[in-house]
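These notes are about the structure you will find just below.
Residue numbering begins at 1 within each chain, and the chains themselves are lettered A, B and C in the order written.
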Amino acid sequence: MELIKLVNALPGAVAQGLIWGLMAIGVYITFRILDVADLTVDGSLATGGAVAAMLITSGYSVWVALLAAFVVGLLAGLLTGCFHTLMGIPAILAGILTQLGLYSINLRIMGGKANTAISANKFYLLVSLRNVRSWAIQNPIFVLILFTAVVVLLLYWFFGTELGSSLRATGANQKMARAQGINTNHNILLGLMLSNGLVALSGALLAQYQGFADVNMGRGAIVIGLAAVIIGEVVFGKLFRNFAMKLVAVTIGAIVYYLVIQVVLWLGLDANDLKLLTALVVGIFLGVPYWKNQILSRTKGSKGGPRNAEN
Amino acid sequence: MLKIDQIYKTFNPGTITEKVALQGVSLDLKEGDFVTVIGGNGAGKSTMLNAVAGVFPVDQGHIMIGGADVTRLPEHKRAKYLGRVFQDPMTGTAATMNIEENMALAFRRGKPRGLRWGITASERDQYREHLKSLGLGLEDRMASKVGLLSGGQRQALTLLMATLQAPKLLLLDEHTAALDPKTAAKVLEITQKIVDEQHLTAMMVTHNMKDAIAIGNRLIMMNEGKIVVDVSGEEKSKLTRRDLMGLFEKAAGKELDGDRLLLS
Amino acid sequence: MKKTLALVLCLMMVALCGLASATTVGVIQLVQHPALDAATQGFIDALKEEIPDVEVDSQNASGDSATCAQIANTFVSNDVDLILGNATPALQAAVAATADIPILGTSITDYASALSIDGIGQGTATGINVSGTTDLAPLDGQADIITELFPEAKTVGLLYCSAEPNSVYQIETIRGFLEAKGLETKDFAFADSNDVASVTQSAVGAVDVLYIPTDNTAASVTETIAGVVIPGNLPVIAGEEGIAQGCGVATLTISYYDLGVATGKQAAKILKGEVNVSELAIEAAPNFTKKYNAANAEALGITIPDGYEVIE
């Protein structure tokens, strides 16, 4: 229980948080911008890891592996999007279907094995748990901060473009978007693709970081992503107004999540209870805005009628 | 400008919630026509407007806008011909985006959306001028989220957005119904002003008989999915509420229903 | 602000002083599971007997591979003297975390694929900072049980989860032994626990004996399998005791506790400096026991020869 033990372990938690932060940004795109709860991510995270693991162990460079993972993630999102927009399946169910299907696909990708090792002894890896305490350029924390910065800037640019704005409008108000000539179905597809591409990218980094890809590595990922989004909003919601900063808040949310887990492990809490704890925390934070509304509308009602006196 | 030819629409056919909404509606609007549409609840006014907007496909018939057959076009493709303002002030704008972003979205209606920046500095100046003309002080709040605006402000903004790119046809679906009388009058005044300035062709559904008579150069009344009264020009300008009720009774063979309509 | 800082510094000082110089060992266990629990327990017991003042920090990742990485990071950052990875992802996370601290694996079936080093396994050293014990029961011995109990059998069904690399590996190995004995083999693979009943049903009548390897998915659904094979009069030989107890007739089994003990002894040797981990050969379980399931044997009318213990 010595504090120094906790302090020593923090860099690792930060690195892991940064990796999951990318994944959480993907969740942010669907959950907050597109207003769709996409459960594909549990599958596409493992897909990204599987693709990267297979390519790296076949001798391809990590950059090829990361790019391929991103592209395969895009395809996973496309599949969910097609289920949803072409076949009219509700988004949640469409995501669950893809996630289930991806389990088999992930096994296929890894040649029928549930687990593929990527040894840091044999391959050059962009990020590895091994370097997390070294004061060198290959420290995953530096690499990941750089990586996250690039992703955030690219997304900031994209969501500022005409296409990106139309995607935000699709999430904000589909009826309005269509009335303005926006093809909302295409945008939902695009958003789901982008999101799962990022999630798969995060999976590819995670596989390198932990030294293996595993078909079960994405289990519960959506909840971790949501937790990061919500922690980011609760902690920095008032502070960060700018879109890029909101994405940064999501990343910090993921880091905070892993720091909390680290503390929980340090306190000696049973890891078996972690999932319950996460579910409870996420549930409560998701519920807070609803309760706030309930209380607000009650006090408003007593003052007499909704407020539209501004004009 | 708009030609509706014998359109039919039945919702949920073959189920217990089956509803025959449009039964052979035909209408021909000339360029510059401003037609008001009235009728009781469930008469098919909004359904006709939504059929034109492409919210759902019609079962039969054709819809032409400015000479183009749009019957098979999806909603977002018809948008390039249409400006739309809805009954619910929440519907016409994106609440989580700010005023200028909403206008920039509307400014690109009917144009391809690519990877150019979503709003330019020169547009911004243009929007400021437009907002100033509303006289609501919105020109100073261009970076505010639309969700912070009142219902009237949102409807005025939606009107502006609908006409930023001059539409071939402006569709107004009871767009003042959710507003208090004073605000409604103001929004109506803005509507009239924009339509006059841009010489727009417009179709306005309303439940207010007085407005229906006072505004526009043509009036149609619907009942049970059909157009039962159609007056225009000289005849419309002399129309009174009593005349209108008489016309309706003659055409529909019954008294005009809907207290809502009579009281207003 | 200054006060808080001072407080934190004080706490850190206290923490530093609290650090004992005793030997510390970190245990990463993938998930709570009777076999893995027994291996961890055996490891700790054997280690404490050899080095009484050793401190063991045992952590469970509750089945989450990302948590394995986090636990491994904690151990490495605290500079423990040795890490035990109990089950494959736990071992892999430890290997990803350090190239210096000695790592032992236990409950690992196939080291070659877990570490992606070709040609390593029981009796060989890895050449890196990893060694350990394998839970691979001798598959030739299991093939012998099949012919000993069912001399008349011609075809043997192989029931396993295709998603488990350990199972696929065992199936390929035992297939060689069975075919060498002139037996025909037939695969019955399922993708997850939901398919087990129907896949098992298809084996009934198609084969004379069914073999199930050490397979985690099968181990979790033995009741389902029993519900098909007992009425279908199809005897099952299992790769481990848990499966035999649930739905099997007999098994040649290892004790995970003993496996843990063997690993603990390896750890003691490394910590005492008697051997370098990179030169320490991977060991198999020290002894095997033939066991049988009395109730199922009776239900299927199978006479068990001498030399078998009853599964309690």
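Operating definition for what follows: a residue touches a chain if its C-beta (ideal position, glycine included) is under 8 Å from a C-beta of that chain, and two chains touch if they have at least 3 such contacts.
Note that the structure is a prediction, hence the values are computed from the model and not measured.
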Chain with minimal offset from the mean of all protein Cα atoms: A
By number of C-beta contact pairs, the top two chains: A-C
Most remote chain, CA-based centroid, reference being chain A: B
Centre distance in Å when chain B and chain C are each reduced to the mean of their C-alpha atoms: 71
Averaged-CA centre spacing for the pair chain B and chain A, given as whole angstrom: 41
Separation of chain A from chain C, taking each centre as the mean of its C-alpha atoms, in whole Å: 33
Where chain B touches two or more other chains at once, by residue number: none
Residue list for chain C, restricted to those that touch at least two other chains: none
Chain B to chain A touching residues, read off their complex: 53, 74-77, 79-80, 82, 84, 86, 90-97, 101, 104-106, 108-111, 113-119, 136, 149-153, 161, 179-180, 183, 186
List of chain C residues in touch with chain A within their complex: 11-12, 14-16, 18-19, 32, 59-74, 76-79, 88-89, 92-93, 95-99, 113-117, 128, 162-165, 168, 191-192
Contacting residues of chain A [partner chain C, same complex]: 2-5, 7-9, 11-13, 16, 20, 57, 103-104, 107, 112-122, 128-130, 132-133, 206, 209-212, 214-217, 219-220, 258, 261-262, 265-266, 270-272, 274-275
Residues of chain A defined as touching chain B within the complex: 158, 160-166, 168-169, 171-173, 175-184, 308-311
